[in-house]
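Next come two complexes built around subunit A: one with subunit B, the other with subunit C.
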Partner chain A sequence: MSWGDALSWLLRLLLSPQVFAPLIFPGLLTALVVLLTVIWAERKIAARVQMRVGPLYVTRRLGGVLQMLADGTRYMFQEFIIPATADRLPFLFAPVLALTLAIVPFAFIPAAPGFSPIKSPYSLPAALAAISAVPLSVLLMGWSSNNKFAIQGAVREAFMGLAYEAVVFISALSMGVLYGTLDLEEAVSRQWLPGLLLNPVAAFAFFVGMVMSAGKLPFDIVEGEQEIVAGPYVEYSGIIFGIGMGLAYLKLYSLSLIYTLLFLSGWEPVVAPLYSLYPGLGGVLLFAKAYLLMLFIVFLRSVYGRYRLDQALRAGWRIYLPLSLISLLISILLRVVGVV
Partner chain B sequence: MSKPVSSFKLHLRAVATGLKYLLFPNRITVYYPEEYVEPPEGYRGLIRYYPERCIQCGLCAMICPASAMKMYRTKTDRKGRPGVNYQRCIFCGFCVDICPQNALEMTKVHDVAYESLNELVVPPERFSQEPVSPAVAGGARRLKTVFDEERGLRHELA
Partner chain C sequence: MLRSSEAGGVVYSRLIAKEGDESTYELFIGPQHPASGHMRFIVRLEGDIIVSVDPDIGYVHRTMEKLAEGREVIKSIPLLERMTIIDSHNVTLGLVRALEKLLDVEPPPRARYLRTLLSEINRIASHLYGMGIAGIMLNHSTMFMWAFGDREVWIQLAEDLSGSRLTHTYSVPGGVRRDLPQGFADKAEKAIRYMEKRLRDYMAIFLDNPQVRARYEGVGVLRKSEASRLGIVGPNLRASGIRYDARLAEDYAAYSELEFEVPVREEGDALARMLVRVEEIKQSMSIIRQVLRKIPDGPFFSEKYLRLLPPPLREQVAKTGRVKFPGVFASLKLPEGDAVSRVEMGHGEIFYHVTGNGSTKPYRLRVVTPSFRNVILFRYLMPGHRFMDFPAIYGSLDYFPPEADR
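So, the complex of A and B:
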């Protein structure tokens, strides 16, 4: 095999949906860029609302957009300390597991029509299942840290996980009932009207569940910076702490992609010239919608204070669980009437 | 939380208020080292000493409630001249008020940093020099705050 053949083979491999989608777009590489820019945007938005300037001095002309890159670089070269009392193997293994589980959903999320890495009739529950497995590794982090704050954070994560997971799953499944499919790609093609208008109750319940799941304000109870100083991540330093911090944003990113697919009619309308250039690029609108959604969620930080654990749990079980069940009923009703 | 339906309206209002501030920001801070907000008249900043007016009465050291002001005596000058210890000074301005000769004056300079604690002790020789704001020395644009009926505080070039 000559060099040219090898190169073309490599290019073909890279451009196949199975590699391109999880690794480049909308997967790992894009997720990294999203991570860096969304954290910056979060700080900038909060600064604007709070009458400040926000991060500025790194690349001043661009408004400090590379601030997160600088912070990340600092994390890279920071000493990684393993506490003597920590359970060494799980302590190291848990963050890696968490990051892996946070990336797995990208294997099921289609980027464009006919462009999903794993074409499965159950891609919606599969992606959600991978996301909902992340709290397990956070539990492991907290437990293996052998620190009271870490364990408190882990227990909070367990409580919160139970509260929001049911809401997210039921409201997502109600959309599955409405569209008559659990395939994300088909769900988009069934939306003659955006799902947000078809079943607004499900959209609202999923939205709140998503904010809870990603641990954004007003539900950043697990991290609890003020009283349990970053919770499960308290003993971590260096790049692993960076992973812990990025984990929430990765979850938020994959969940907002799913939200866009389910409720905001995904990549419709497809940008035809980009799609004909390369199918993977047809999902540009999907990405734009998901990004705007993420910006709105990080904007909530500047509006809300944090709920107490019991308040959030009460909201989860008493308000949003019934709401998601109502959304299921609405979906069944719409299905019987034959709207979709 | 107890009234989810009626509080929903309040949530919407809170988000709308946040959006208002996001779209029409009302920044009250300035880019500090490049811009410098001139403090108003009567601002109690660092103290300046005029040795030529001083009659060395020592009232300033006597009135100082924080014992920050002290008379520094030398072999030739038995009555002493005032120096200040900014570790102790509470910027009350009693020394300035009590001085019969107006030999002490409060300047508007306040944004000064010191590298060691010893530098905070200012003997009479340094006390008689004009204190300099590092931002102004670095060529910062001077701004002044103006009260605006619509917006609240606004900054204008001084």
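So, the complex of A and C:
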């Protein structure tokens, strides 16, 4: 086998959906870029509302877009301190586990028609299941830190996790019922109207569950720095703290992709020239929609403060859970009528 | 578990008997904590419910009273205004009043109006500071940024008037240091119109925001009886339905010649405390308008001390509107005796007691600051609330740690 053969084999491997999707688009690399730009955008949007300029220190001409990269580099070289009282192995293992679990959903999220790493009829529950396992590792982080504030944060994560998972799952399930499939790719093809219009109740409940799950304001409760400093991440420093901070954005990214697939008719209409160039690029619209959604969610920061834990839980159990159940009923009704 | 009793006028408040129990969870908040300020709270929790809060105020260590006894009285003005640097004219006005009583000197009318002017500018800035901190305690960063940004407007006005941004040292025994600069009235009017617009924005994004209302309504209720028994002062007292204001009780500056209302609310919860502050900002702005309309002409510094200046300097003072202090002014001898005074700050009433013994230094200088009187609220308001209400109540109290540790 010559070098040329090896290179083309490598390229083929890299461009196959099984590798390209989870690693490059919409997976790891894109997620990293999203992570950097969304946090930057969040700061810029908040700055606009708050009548200030936002990050400008690095790349002033580009509006400080490289600020997050600089911050990431700083995290990378910061001393990583393990407290003497912490449980070393889980303390180190938990953030790694969390990051892994936050990336797993990309294995099930299709980027374009016929372009998903793992083609499965159960890709929707599989992706959601991976996302909903993240709180367990956050719990582990807080517990292994052996710090009172961290444990408070971990307990909050547990409470919040229980409250939003049910909402997200049931509203996703109601869309599954509506489309008659749990496959995300199928779900897009069944939307003659965006799911948002077909079942707005489910879209709303899923949206709130998503905001809760990503810990964005007004549900920024787990790491409430005014009460518990940084919650489960309080003892972490250096890059592992960065992982903890980026975790929420990763979750937000994968949930926004799922939201776009379920409610915003995903990649439809496909940008045909891009798709014919390379199928993986067909998901440009999917990405754009998901990104806009994320921008809206981070915009909420400049409008809201933080709900109290019990208020958020009450909202989760008493308002959004019934709403998601209602959305299930609506879906069944629509299905019986034969709308979809 | 939760007890609340008003029987016999005794307020057990919501203090719970379980303090020290093994089932409580003890959290030490501060002195290095995003929301504690320069102080420490020992919070005991049962689950998510606060059982008790012990405020531990001693982490600023500036011992203002003792330091003030070691230097000439005039030097204690710039020293003591560092207690509440956000409200630095109001905090020293009481001292100046007490010194004036001891030295038997009265400020001329124009000086009294100028004092009122800077006091009200400071009050607005202080309330904005408090609202900003209250905002960030709920993680409402927009409110924080807005309030601190708009505070700049008032700081700028104060700078125009006194020549320094934060520590004005404007009032001195016998008058004020500087006269009203030219064009000040226009600037003030512009600032007031801007602030009126901004207050509506604040209401829209913060105090009328359903999320913030959910955090504030019915939280940290201070009953009228409790408020008067605990000796609470300032907007916290007035939000509980007691109409007390040192501006009414003690005739100082030009307040007796001006018309203003003292906003009072009955609810006594965190929201009421915030709304009282908003109303006070409006009242302060109306006072500033009145002052600028009514301000009399004349000297801004007492003749008694101006007479000590050589005639050419005296003319210069009249021309430039700035006092060149006579040399003896720096070492005024305090006659024997006591003087007390009280003044309404943004945070509440501040009380001064100065004892002179015939030397240039005060024999004893005692301050009772509003935050020191309000700090007890942490112990009485918090228990029974959720842990997440801690910053909400803290923010609504407008408590300023360096002021308490004097």
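Assume the second predicted complex is superposed on the first by the 340 of 340 C-alpha atoms of A that agree within 3 Å, B and C clash if a C-alpha of one lies under 4 Å from a C-alpha of the other, contacts with A are read in each partner's own complex, and residues count from 1 in each chain.
Convention: contacts are C-beta pairs under 8 Å (C-beta built on N, C-alpha and C of every residue); 3 or more make two chains touch, one makes a residue touch a chain.
Just so we're clear, the structure is a prediction, and the values are computed from it rather than from any experiment.
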When subunit B and subunit C are modelled together on subunit A, clash or fit: clash
When both complexes are superposed, which of subunit B and subunit C contacts more residues belonging to subunit A? C
Would you sort A:I319 into first (subunit B), second (subunit C), both or neither based on which partner it touches? first
Partner chain(s) touched by A:F149 [first = subunit B, second = subunit C, both, neither]: second
Per the contact definition in the header, classify A:V53: touching subunit B only (first), subunit C only (second), both, or neither. first
Figure out whether A:I45 sits in contact with subunit B (first) or subunit C (second), or with both, or with neither. first
Tell me the contact category for A:L217 with respect to subunit B and subunit C: first, second, both or neither. second
For A:E225, using the defined touch cut-off, is the partner it touches subunit B, subunit C, both, or neither? Pick first, second, both or neither. second
When the two structures are overlaid on chain A, which partner does A:Y304 contact: first (subunit B), second (subunit C), both, or neither? both
Just to be sure I read the superposition right, which of the two partners does A:V339 touch: subunit B = first, subunit C = second, or both, or neither? neither
Just which bits of subunit A does subunit B share with subunit C as contact spots? 49, 51-52, 302-304, 311
If you look only at subunit A, which of its residues touch subunit B in the complex? 45, 48-49, 51-53, 56, 299-300, 302-304, 311, 314-315, 319
For subunit A, which residues are in contact with subunit C within the complex? 46, 49-52, 148-149, 152, 217-218, 220-221, 224-227, 229, 301-311
For a test of understanding, state which residues of subunit B touch subunit A in their complex under the given definition. 1, 4, 14-15, 17-19, 21-22, 25-29, 31
Subunit C contacts subunit A in the complex at 25-27, 33-35, 48, 135-143, 145-146, 149, 205, 209, 211-212, 214-215, 386-392
